[in-house]
Amino acid sequence: MNANQIDKPLCNCGVVGVYNHPQASLMTYYALHALQHRGQESAGIVASRPSSTRPDRRKFSIHKAHGLVLDIFANEELLLDELRGDAAIGHNRYSTTGSNIKRANIQPFYSSYHAGNLALAHNGNLTNTISMRSKLSDEGVLFQTSTDSEIILHLIARSREVTTMGRIQDALRQVRGAYSLTILTDEGLIAARDPHGFRPLCIGKLGESYVVASETCALDIISAEYIRDVQPNEIVLIDEHTLRTGEIRSMQIDDVTPRPAYCIFEYVYFARPDSRIFGEPVDKVRRRLGKRLAEEAGMLPATPDGKVVVINVPDSSNTATLGYARVNETLHNADTRYEIGLIRSHYVGRTFISPGQANREFKVKTKFNTVRGVLEGQQVVVVDDSIVRGTTSKALVSLIREAHPTELHMRITSPPITHPCRYGMDFPSKEELIANTYNLDIEAIRESLGVDSLHYLSVEGLLDAVPHDNGEGYCTACFTGNYPVPIETAANKMALEELG
Amino acid sequence: MNANQIDKPLCNCGVVGVYNHPQASLMTYYALHALQHRGQESAGIVASRPSSTRPDRRKFSIHKAHGLVLDIFANEELLLDELRGDAAIGHNRYSTTGSNIKRANIQPFYSSYHAGNLALAHNGNLTNTISMRSKLSDEGVLFQTSTDSEIILHLIARSREVTTMGRIQDALRQVRGAYSLTILTDEGLIAARDPHGFRPLCIGKLGESYVVASETCALDIISAEYIRDVQPNEIVLIDEHTLRTGEIRSMQIDDVTPRPAYCIFEYVYFARPDSRIFGEPVDKVRRRLGKRLAEEAGMLPATPDGKVVVINVPDSSNTATLGYARVNETLHNADTRYEIGLIRSHYVGRTFISPGQANREFKVKTKFNTVRGVLEGQQVVVVDDSIVRGTTSKALVSLIREAHPTELHMRITSPPITHPCRYGMDFPSKEELIANTYNLDIEAIRESLGVDSLHYLSVEGLLDAVPHDNGEGYCTACFTGNYPVPIETAANKMALEELG
Amino acid sequence: MNANQIDKPLCNCGVVGVYNHPQASLMTYYALHALQHRGQESAGIVASRPSSTRPDRRKFSIHKAHGLVLDIFANEELLLDELRGDAAIGHNRYSTTGSNIKRANIQPFYSSYHAGNLALAHNGNLTNTISMRSKLSDEGVLFQTSTDSEIILHLIARSREVTTMGRIQDALRQVRGAYSLTILTDEGLIAARDPHGFRPLCIGKLGESYVVASETCALDIISAEYIRDVQPNEIVLIDEHTLRTGEIRSMQIDDVTPRPAYCIFEYVYFARPDSRIFGEPVDKVRRRLGKRLAEEAGMLPATPDGKVVVINVPDSSNTATLGYARVNETLHNADTRYEIGLIRSHYVGRTFISPGQANREFKVKTKFNTVRGVLEGQQVVVVDDSIVRGTTSKALVSLIREAHPTELHMRITSPPITHPCRYGMDFPSKEELIANTYNLDIEAIRESLGVDSLHYLSVEGLLDAVPHDNGEGYCTACFTGNYPVPIETAANKMALEELG
Amino acid sequence: MNANQIDKPLCNCGVVGVYNHPQASLMTYYALHALQHRGQESAGIVASRPSSTRPDRRKFSIHKAHGLVLDIFANEELLLDELRGDAAIGHNRYSTTGSNIKRANIQPFYSSYHAGNLALAHNGNLTNTISMRSKLSDEGVLFQTSTDSEIILHLIARSREVTTMGRIQDALRQVRGAYSLTILTDEGLIAARDPHGFRPLCIGKLGESYVVASETCALDIISAEYIRDVQPNEIVLIDEHTLRTGEIRSMQIDDVTPRPAYCIFEYVYFARPDSRIFGEPVDKVRRRLGKRLAEEAGMLPATPDGKVVVINVPDSSNTATLGYARVNETLHNADTRYEIGLIRSHYVGRTFISPGQANREFKVKTKFNTVRGVLEGQQVVVVDDSIVRGTTSKALVSLIREAHPTELHMRITSPPITHPCRYGMDFPSKEELIANTYNLDIEAIRESLGVDSLHYLSVEGLLDAVPHDNGEGYCTACFTGNYPVPIETAANKMALEELG
């Protein structure tokens, strides 16, 4: 059991691309580290450099492994020599452990085809995987991984289009679902984002170098300047032409761009607060989530001294808690204090030994401890970003109760999670979601968590808090079950699993 | 270069002891994890269990290695089988890398002598190491490590006293300096604290088990209840007698207990905010440090909108910053906002690749990023706990400046550090301390750091903020040069280094 | 530098297949260990077991890594649980180190295609790799390795034939060169050998289980009984039908079977002496090589005491030396003694530190030492199996000279090597072969090696010594340059290298 | 289970010392590799170099670990930088696995004492360990290992003598039993051998450098010239004086040198055949053992064709088998052929997976295979050096029987082993020795092994075969129970084990 494994959605990946930097792999490594929160189980880098023998082909090299970015690439020779080159792409991933065949699934994928070298990193999930795999298999395609991402590679290789951009457009027109991609070929760096734009993807510039990354925090770490997002439904090509003219050539995937379906959970939990995604800084949105929640949740029961202590769950709800605390004070005239009542350990190993019954309790204590003086004898409000299974929340409540607050209230800056994500996040099964266990009966959930009151943000409140001058469309499927892109059936999904 | 290595004192250890618990090593492991902040380079556990052949001897087993606690012991079989037993001691340490002989220095130390088994874990530094080593060597003692701690083992083994407690008392009367010790023998668990009580050490109880640890956060993680501190000048014995009667037998080291010399830097930086040491919760003291600093530092220059943004350096100055912000608002009528302007990465690898000039900048960016929206166009105050070399501070200032605050002020919740610690912390050499580089000229330091104003807490302010109903004595040597216990000369120190 | 790396051809692989054994992976592991001499750098096993969900599909699992077989699979859980199943194939390989893309080249290869699972292990080299890769690439095929073996997988997947056997036949009809294959599908275990039969491949039986392996020593280790060789130009299918009826179904690859081209170097050096290949025990052939060499080499110069000491180079020339010694004694009336004059170290690490000039000398001394008493003052004949670059031979001669023989004669049980192998062995480049360096001038080679006389076996002698009731055809290309199957040109080969 | 673990005595160590060589650690590493057969579980090197600060002190560094020499030191930087120096000692050891406290037992041991640095490597076993440990413990000595070797270190450190040689002499006069030592101090390299000279120890010269090693094969690998043995009862000092004058100063340990007690098993099995020990090349003695055995064993039963095939067990009985075969032919008029009937695998991993019943059979097959053509239908004699438990012999007999010899006879070039060694070899317990199981009834042993006849060499034959101009004394305790030096009782031994 990973000590880091807390009750949050696990699988959402990070992608990076660097073009025209003398140490492209080193820049990719820093950028992947900044995106480590998007996937902690494996990472990889593919680099390319000019070939000494053929002007139209480059030498590609690759390294990928299980582990954290700083550990996998903790080798100067690896980054600067084996992976030397002026272009690179990288990928972070949370992969399920288990069979070795699945180890083949660590990205980026590299292969060669008639037009040369091809490497790809993918964040998101395709939704027509079954039918596409079946169609390609019938045509004689071999699959060496059990991922949906490999489909895109084969479609590019089999396209009859004559340009790389044309082949990629052709390929992406055939797949459905969520994808933010970085692709490295002999010609240059390509980035693409699905027509709905589920996952973020941005472009930056560092001197004469170009950088593509899932979030802007990956630009910041290498001091690259944010230029713009890759738009939903857009493929961009960064190549020699870009270096000469400054122009990033762009192409649409589908002829008509649908209404966007930005993943609203990126704002709630996934993205880093110091990133700017979907046109707005994440920390700003989180603060609004906290404020709106305070408005919706209303007044707390009066206490003799009128004091309320509001604490965050470090570090996922830090900013939202600040927003909550401020509105609570001004709106409800409460003597509200934002306090640090939970301390988070910085030292997390790969595994955590915890035999026997006390498992969950110890796991949470390995990560958090309370500051008793802050909580004892107080009316405490703990603000968290979301509840999935509820297991960590329960353990946290027990932990806080040990410090003897007079009351303990929980506020959640998102609505109850009721549906699995089909576009890139890995929630537990529908049955395991606490909101479903109790049939959305908030009082029953409150009781099971052991808090004195519980308030979730409403879907309306959530939608009000996110920016709306960016195309006005969000995917809220995990809260509402409204899936913007249809999914192939579960029966077929089992057939796929048989393959790996 | 360890990515985690930021410009703070490095070496201060954590010690643990557990008695009468069926999984003593597992409890020690959790406790050591809670003390991980006191030393991240190596750790070890010695466990003991009854012997099947001799009633007066126990079987001892040991495991120690470089790395984090959760990684070193990431093996259920190791903790539950190899290290099985009902008593254990443990140690965390920041050891300098390098020669293998020094690897012998990882604690706890284990050895056998005429009275049986003996294992010891030591936090602190002795000050008469040279003369004691020389004296013992002359008597034919072999030294297998280059640590001061080994001296205590030999003194115990060579004592003519007839009881274990007597031998330990005899040994400790001969050494000077700082020590918080846990000792495991065939008879039981012994804990001791030097007459000045430099380092913290507390006793807790978990059902019928006893726990000794450097800080109370190590009791919390295993839900042990705090009983009391081991007092300065006290040796305690937890054994069968304790189990039968509930009495923890105690003995003084020196006949006369001197004025305490609690390490004030434990309050400033070292101890975890959720611990209670020297009679007071650490977070409470830190809040007072921030408040007092706000009082001392006075008003900031007026800005057009009258707004001040106060940010912490996560996570070392979190609580102190809250205190600063509150007093600044009330006292200086400022529209002060505590904000989260720096984000700290949770993912830190063992090494960090950063070739070439940009080294320091990248290192700090691997750990921190700014939240631009919070800082841009604002009058920003960053509150930190201390400045050692100033290297990290400079890099942080550069990082914050990239987010374009209108002004950037730095407030430090401790006085300038001017002297090395001789009692267990590992500061850089005197010459490297930024306060000495600029001869305590605050204006020159300010300029070198690149901030618009700089204010350190005064020594008086510091002493006012710490508790004074606990015996009223602190070691402030790193700020004042007043060393409570004299040190053997540097010339001799070099002789010692020659040995290892 | 691998301490084991002596001046012999390096790359020749070993393949294994096991069918209908409850611990198929364990049997494969033993068999691969017995074939360890055929490749020491990497190994892998693919296992399959019935699927719980689909009767026509099996669950496949895979593990492959760099290292020796006993080390890679030194994990009971891996072999018995992760790789559990009743069918398995395995592969040993000497892979060149370097880029990670090449790490993808470790076999067996696994993939899924429209007809299900497909895994393949290949010993040999295809000769129409360039044109086939090019053709497939043009059709949209992605290559994920830089091996020729992957071509076969794609051809099988793309075949329009309806049965597995038909698809494999279809695929193999399109490739040229050398291959001994084991293939695992959902239906069963398939083995195939190219029409010329360059590399050995045999079938054995162990109770109700079937085993396919490169050499019979792999049958011996698991006590399987040798049944027959897979014939040149033959594909065999071992499946449920085989279990029911005892019949191994068989199919020809090409309509006409050409004259065989058995690799004669397998008899000279590669195969283990306890194996039976191409219809004859290897040790028997090696003895004949030694005998024939003694006949050809003629009498040694007379010595005062008439004594000749004949020594082997352990362990590659052990048996041949026995043959040489016996004939020398009977034919040349010499007082010939077979003696052990060189001792070989059993302990060989993965790397060997030998900085500076003395490199080669130390390397040979890490592996061999002389028995001085056997050599001093004697007329010594050292019998070796072959000379490639001559580097090891020179170092061995120096080593033996240190023991002061009066004379030192070298006898080689094969002809001078003058041409690279194109069918699976990895010789150094043509220029590096000592026979080419000296333009086949034996006297010049003798002088460069520093021996008093040198005699190679003639090609005729070599051909006389190998069995001739087995189809009467050998590949002697490395000695004669007569390549039985034409090779695509070097220009194209460079193009291929560009890919990986 | 180590795949290499065959039924032979396991524990006997190798020691090395190098003085005045610019790469002393590198030379020690080669020498330890040559002595790898004397211990395969762990190894270590201690090096020393001049100190920059004190003329009378040197800098010592150490590296030791579990594994083979070539693997432990597979790091050029480690050998040439970390362990740089002009003097070094090294040690090979077969350590039992298990508790970590025992890991502290890996040699060489390093410590510092009043006279400076002290490192020691020890081959052999002391016999008054209990009383010496007890005496030293009573005097306040701490033991950090459970080895007898540590006693010597403490005795040196506690000696009142004023010179290093004097202190070592003083220490060695107090211990009893077997020891061949290399010691490194600030002054130079010291070597010592116990008064009976149980274990070998020799001195060599390489240019201006001096080398001390357990066997001469360690001199050969670095091309050092053999000078002489360290004599029984002798301490030698190689230091600056030696470099200036060429004189190796020497001192006696006890005033009276007793009759030697050279370990006769070194000749039978332990020492490498290419070494010269106790005044004679090992291979020469082994040949005589084989010859004498052939004389004693007499004629084999006549076969129809009069042919006898004699095979060795590679590689321990190679030379002895040659001797046996020759005498058998000449003396018994048999048509005797020395043949290679068993092939030994070169590839041995650290562990060997062999679950279930077939364990022993597979283990032997992982190491050996038969050459069927040599054995089938023949009267076979297998010559081995010794039988301990008999387990490997039984498995070998089964293996050979699978090749269908008509008869199988076993000849052993040593007498039945009936007693444990107390001077450095690790035999199984007395009860497990097959000779004791069957009460020395050779016919019963023969039947249990499953051979047609069995003949051991007599003790007289053994003594006749070893050299007798070297002082005429051997320890034959393992065959006869005559222990030259008395042993402390088993009861005390258990007390010792309690300590670790």
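The letters A, B, C and D name the chains in turn, as written, and every chain counts its residues from 1.
Note that contacts are C-beta pairs under 8 Å (C-beta built on N, C-alpha and C of every residue); 3 or more make two chains touch, one makes a residue touch a chain.
Since the model is a prediction, treat every value here as computed from it, not as a measurement.
Among the remaining chains, B is positioned farthest from chain C, on the basis of C-alpha centroids.
Between chain A and chain B, the centres computed from C-alpha atoms are 36 Å apart. Look at where the CA atoms of chain B average out and do the same for chain C: the two points lie 61 Å apart. Residue positions of chain B with contacts to 2 or more other chains are absent. Contacting chain pairs (ordered by label): A-B, A-C, B-D, C-D. Residues 51, 53-54, 57, 59-64, 82, 99-101, 104, 109-114, 117-118, 134, 137-144, 146, 153-154, 157-159, 494-495, 498-500 of chain B are the ones that touch chain D when the two sit in their complex. Across the interface of their complex, chain A is touched by residues 3, 26, 29-30, 33-34, 36-37, 40, 68-71, 73-76, 79-80, 217, 220-223, 272-274, 276, 281, 283-284, 314-315, 318-319, 322, 338-340, 343-353, 355, 361-362, 365-366, 369-374, 402 of chain B.
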